[in-house]
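Okay, so subunit A shows up in both of these, paired with subunit B first and subunit C after.
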Partner chain A sequence: MSTPSTPGAAGAPTGPLLEVTDLSVSFTAHKQTAKVVDQVSFAVQPGKTLGIVGESGSGKTVSSLALVGLLPRTATITGSARFAGQELVGMTTRQQREIRGNDISVIFQEPMTSLDPVFTVGNQLTEAYRNHQGGSKKDAMARAEEMLRLVGIPEPRKRLAEYPHAFSGGMRQRVMIALALINSPRLLIADEPTTALDVTIQSQILELLQELQQEMGMAILFVTHDLGVVASVCDEVSVMYAGQVVEQASIDEFFAHPRHPYSEGLLRSMPHSVPKGERLRMIPGTVPIPSRFPTSCRFAGRCPYAQEACSAAPIPLEQLDDGRVVRCIRHRELVMEARP
Partner chain B sequence: MTDANGATTPAAPPATPADGAAPLLRVRDLEKVFPIKKGLLRRTVAHVRAVDGVSFDIARGEVLGLVGESGSGKSTTGRLLLRLIEPTGGSIELEGKELRDLEGEDLRAVRRDMQMVFQDPYSSLDPLAPVADIVGEPFQVHFNMPRKERDEKVVKLLEQVGLSAQHLRRFPAEFSGGQRQRIAVARALALEPKLIVADEPVSALDMSTQSQVVNLLSDLRDRLGVALLFIAHDLSIVHHASDRIAVMYLGGIVEVGDADDVYSRPCHPYSEALISAAPVPDPEVERTRRRIVLEGDPPSPLDPPSGCRYHPRCAYAMDICSQVAPEPTPTLAGGEVACHLHTSGPTLAGRPLAEMSGVTIPEPG
Partner chain C sequence: MLTFIIRRILALIPLLFIVSVIVYGLILIVPGDPAITLAGGEEATNERIEEVQQELGLDRPFLVRYGEWVGNAVQLDFGNSLYSDIPITEEIAERFPKTLQIAGGALAFGLLVGIPLGIISGIRPRSVSDRTVVIITSAAIAIPTFWLALILILQLAVYRSILPSRGFVPFSESPSQWLEHMILPWITLGTLTAATIARQLRGALSDTMGSDHIRTSRSVGLPPVKVVGKHALKNSSAPVLTVVGLQVAYLLGGTVVVESIFGIAGLGSYVLSAISRKDFPAMQGAIMFIALLTVVVNLLVDISYALLNPKVRVE
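Right after this comes the complex of A and B.
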């Protein structure tokens, strides 16, 4: 479902709401430095949804956390991330806190560790609201109840008084979503927001996100493994492998004709493409660990199309005429299909 | 089972021994009621019937997929099987032995035969232990194996799940969600259990890694005959990985049957809603179809609806549905369904719901 392009909040300049350029993140541990995110670039347009997919461990979560200052101190961040003209990299903790949960909201991958077990759900929702909007406790409580209802929690008033442990995994995730949306953000960073949910609730949440997007022009950075979700809510998709972006394309182009061998392997791994009873297709081998990333093509060790040249020098991220972006020296000669 | 080329495929579980009429696992009327406590005095103010009369069998080497509403009691069912929490009713038999009465050494022995992989790879791994200790712990606890031998075994397990010796001395914080889940799977495999309860073992993984884990689990089933209770939300994966599928709604199983039948020809209205709501990886299909959004609020387990618990949201509800709880009845395909459509009114009598609803399950083009 594609959304009409709605302008961002009043006064926002045209152009991307979020523009990430050459974002890199390194972690230092045991005197060893590992660059787990390496010169990642992407842009999110106001009112649009950019999906980020990729190998587990490819740096999707670290990239998103870097944008909002939620990485531990052991992380070094370089590059730029401009949000509505404001530079996010290098912001003070205070500025970050100001912007987070207000203009930019984040839904995390792990619901249990991001809800505080010692406060009731109602407490956490009203705090989040009053921290940014002020107002009376009563108003905040009403807003909290409304949000819980919106995300499909039954008997929201009763549930407000309960602690996170009394909720199922899926319900905790819905609480997280309510928490993220309570201040009507301009950019929502959603890291696997529906992975813990059954598909009927997922469908409700996706609908809700798209409604809010249309009403408020909210942009979404949607990290997910579910290619069905990508097909259903994203406008564009960016594919990450081993800390790098290897491809960016509109979803139609991506699903019809991936241009990077990793994307092809990913699409072919979908259970839909194999009759039941047969082994699922997968990409053989494993991703190298960050401290041992090769300087040349990082996918070479697993790529069915690899040639000598692939392991000779770094592979640049190429911008193609049709607006697509690919990191593969053979992309011009290779013809790839999502379905074998 | 034969595929399009007429070749036989290994989808059917390894034969249960001829004398093995008894399933590996037999669960009857399983029940778990949680008290809801409030206030300073922690008084019980209500009860949640998280699992309410659940019965099923798992054969040796069989994969039973368990799907359903968030909060319907899937994880609770899994935890009850391993007695990580105590049932408030019903029985659980492993190889004919009632687990509810076991204690001490007997319970420990049974736990060796049943392992769990949890939904949340973030809180289920000890953050202070290196991978070698996390995965090797069962060898130490049960066999007191020396470190060198243990590490060798751990490396083999890591390789089976797509990790390697490089990862041995690393800590959970250094891994992504998906990598942590591979570690959890490796640990569960350590003692070659008879049954693995896998609670969303692949939800956190990318598609290719999901395939690796699913293939790995089917290999294990083929090689070792390990049975699996596979709890997951991604129906295409569950369909692919399972021999049979059970669908839960609000504490009870509403339909169970052969995986192909439940996935492609569901008999219960909730199964139909669940399966047809799954997004398919094809933008064209997604744009042209109406997203299925279930009407009405999800039910509260604190105060479940009368009669059929699905009736407030069911598009086919009849008068009887709010009054009488439907009993499980056989489907023509050999499964079971609990829905009045099959027994009263213009009866379906075990035929797929599509014969009445005309709803088809979308497929990528």
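Right after this comes the complex of A and C.
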């Protein structure tokens, strides 16, 4: 059953496909609790792509995997995540399994290790298909072949019988995409799907994802640290820092006028935003570890615009008139540019 | 795949050659001269000893004797026992089935108990169930076989007459009595195997459970039965297979103790009596046979690696 039982949600033309509100994730180890994701909110519109950007340790992967129950057992998840009218937080594992790979699929960063090395590609694809759709092995094989063709793998019928080690990194990521999309999900969570690939392969995979999105109409939650990738595939962007959302905007607005000093720092650190021959820029320092997140502005320690007030009290997330969202008390006075 | 198997079989030839040198060379190391024993022990006269030595061919150089022995051994002829004068191959053929039943049953016990324990413990490392299994298997590894046998005999055969304490009944005679007589030897010998398999599987499985492809299996919504039972287990099977291969060698050797405790005339007790009687041909024949068996089992393990892991086939 892929149609959700909740009334009024499935076919609704307006409203987001996924609406995450105040999602928090904490991990408990050795009787210490660390809140890795803190009251994150974002929304993904049907058929659109939302990028979640941030450095390593910003909580972007954790907040996306929390949606489908792929975090370790030590994780505690609170808040709300409504997917097509269904509440994902607090679902039983059985309900999660029904949604996973069916309505919401995931592709991961590591194409080299994300496929099971001891089963053929065909076996893994048909298994995923029959797990949700049932049906005969023959039908599943036909569907698997169709998917391999769709993701641009030559001679799909022959390759179904091969093991993952016979595929290159880029080809494995294509297989992984075929695996994720075989049940035509409505939402694809792409967790840094191109980070481990060569630059040329990267752009091929991004193009493929965009083509498939148009063809199959799914929404994509694109988790990445690469703003170049965000610029080419996303409709909207949500910037995360140290477990919090610090800015949300449409792509054009974001790249033209970032509102948060962290966004500005990220944009200015992109290699091509620096004129040739000049030193590459960077944001000094690193993301603090979750147990040492400040209660006030978490970026203040690395922020070139920080004032005393920044370290005094928690900074609220502010909804602006133009629909943008920013977490900075100085955003009105500061004029920021993507290029230095 | 076929060339892989042929290559592995060819690789056995030098291995078996080395084993045969060591086995035959034992005669030089072990104290005592079989000729003296056969000639009448302490009271034997020098002439009688020389006579016997000539009969046995012991007066000829070592290499000549070795060459002749290997030539015959290749045709599975290990000569006649010095003690009974019956062909050793015949004696092995008569006794080996019993040993095979003990070792095979113990291996089955080890797998049937060890695999479930390993799964319970490996899918959730450091949980209460895992810690319990670790304690049980540590104890099982530490317990000496002979002591375990005695405790089992005392508890199940002497204090409560649930099972017979010794002896062997052929399966063809009475299947139920055969089973009754086999249970204690199986448990005695199989306990260490079960514990070793459980520990090996625990380690392999807990590693596999943390791997990316298991996360993928979960991400497509597979139920735990498939994630663990299909994907994780097959990926964790190689180290377990290695251990099973080693355990077969242990089980075949371990029957020596078990057979003498439970009074079963198998290959193990045959080796033991051959040693005490200084019956060198019997000793060499039986040990060579056990070595051959071990090597063949390890060949099978190698082949199953290739069946389980597609990458091995390529290499």
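Note that the second predicted complex is superposed on the first by the 300 of 340 C-alpha atoms of A that agree within 3 Å, B and C clash if a C-alpha of one lies under 4 Å from a C-alpha of the other, contacts with A are read in each partner's own complex, and residues count from 1 in each chain.
Heads up, the rule we're going with is that a residue touches a chain if its C-beta (ideal position, glycine included) is under 8 Å from a C-beta of that chain, and two chains touch if they have at least 3 such contacts.
Since this is a predicted model, take the numbers as computed values, not measurements.
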| item | value |
| --- | --- |
| Contacts of A:Phe255 with subunit B and subunit C, given as first, second, both or neither | first |
| Residue contacts with subunit A in the superposition, subunit B compared against subunit C | B |
| Partner chain in contact with A:Ser232 - subunit B first, subunit C second, else both or neither | first |
| Touched partner set for A:Ala29, first subunit B, second subunit C, both or neither | first |
| Contacts of A:Ala313 with subunit B and subunit C, given as first, second, both or neither | neither |
| Subunit B/subunit C common contact set on subunit A | 110, 113 |
| Of all residues in subunit B, those that touch subunit A in their complex | 1, 3-4, 9-11, 34, 36, 38, 48, 67-72, 75, 119-120, 122-123, 162-164, 166-167, 174-179, 200, 203-212, 214-215, 218, 233-237, 239-240, 259-260, 273-274, 277-287, 291-294, 297-300, 302-303, 363-364 |
| Residues of subunit A touching subunit C in the complex | 68, 70, 96-102, 105-106, 108, 110, 113-119, 127-128, 131-132, 163, 165, 176, 179-180 |
| Subunit C - residues contacting subunit A, complex | 211-213, 215-223, 226, 230-231, 234-235, 308-311, 314 |
| Subunit A - residues contacting subunit B, complex | 1-2, 29, 53-58, 61, 109-110, 112-113, 149, 152-155, 158, 161-162, 166-171, 173-174, 192, 195-204, 206-207, 225-232, 251-252, 255, 265-267, 269-272, 274-283, 286, 289, 292 |
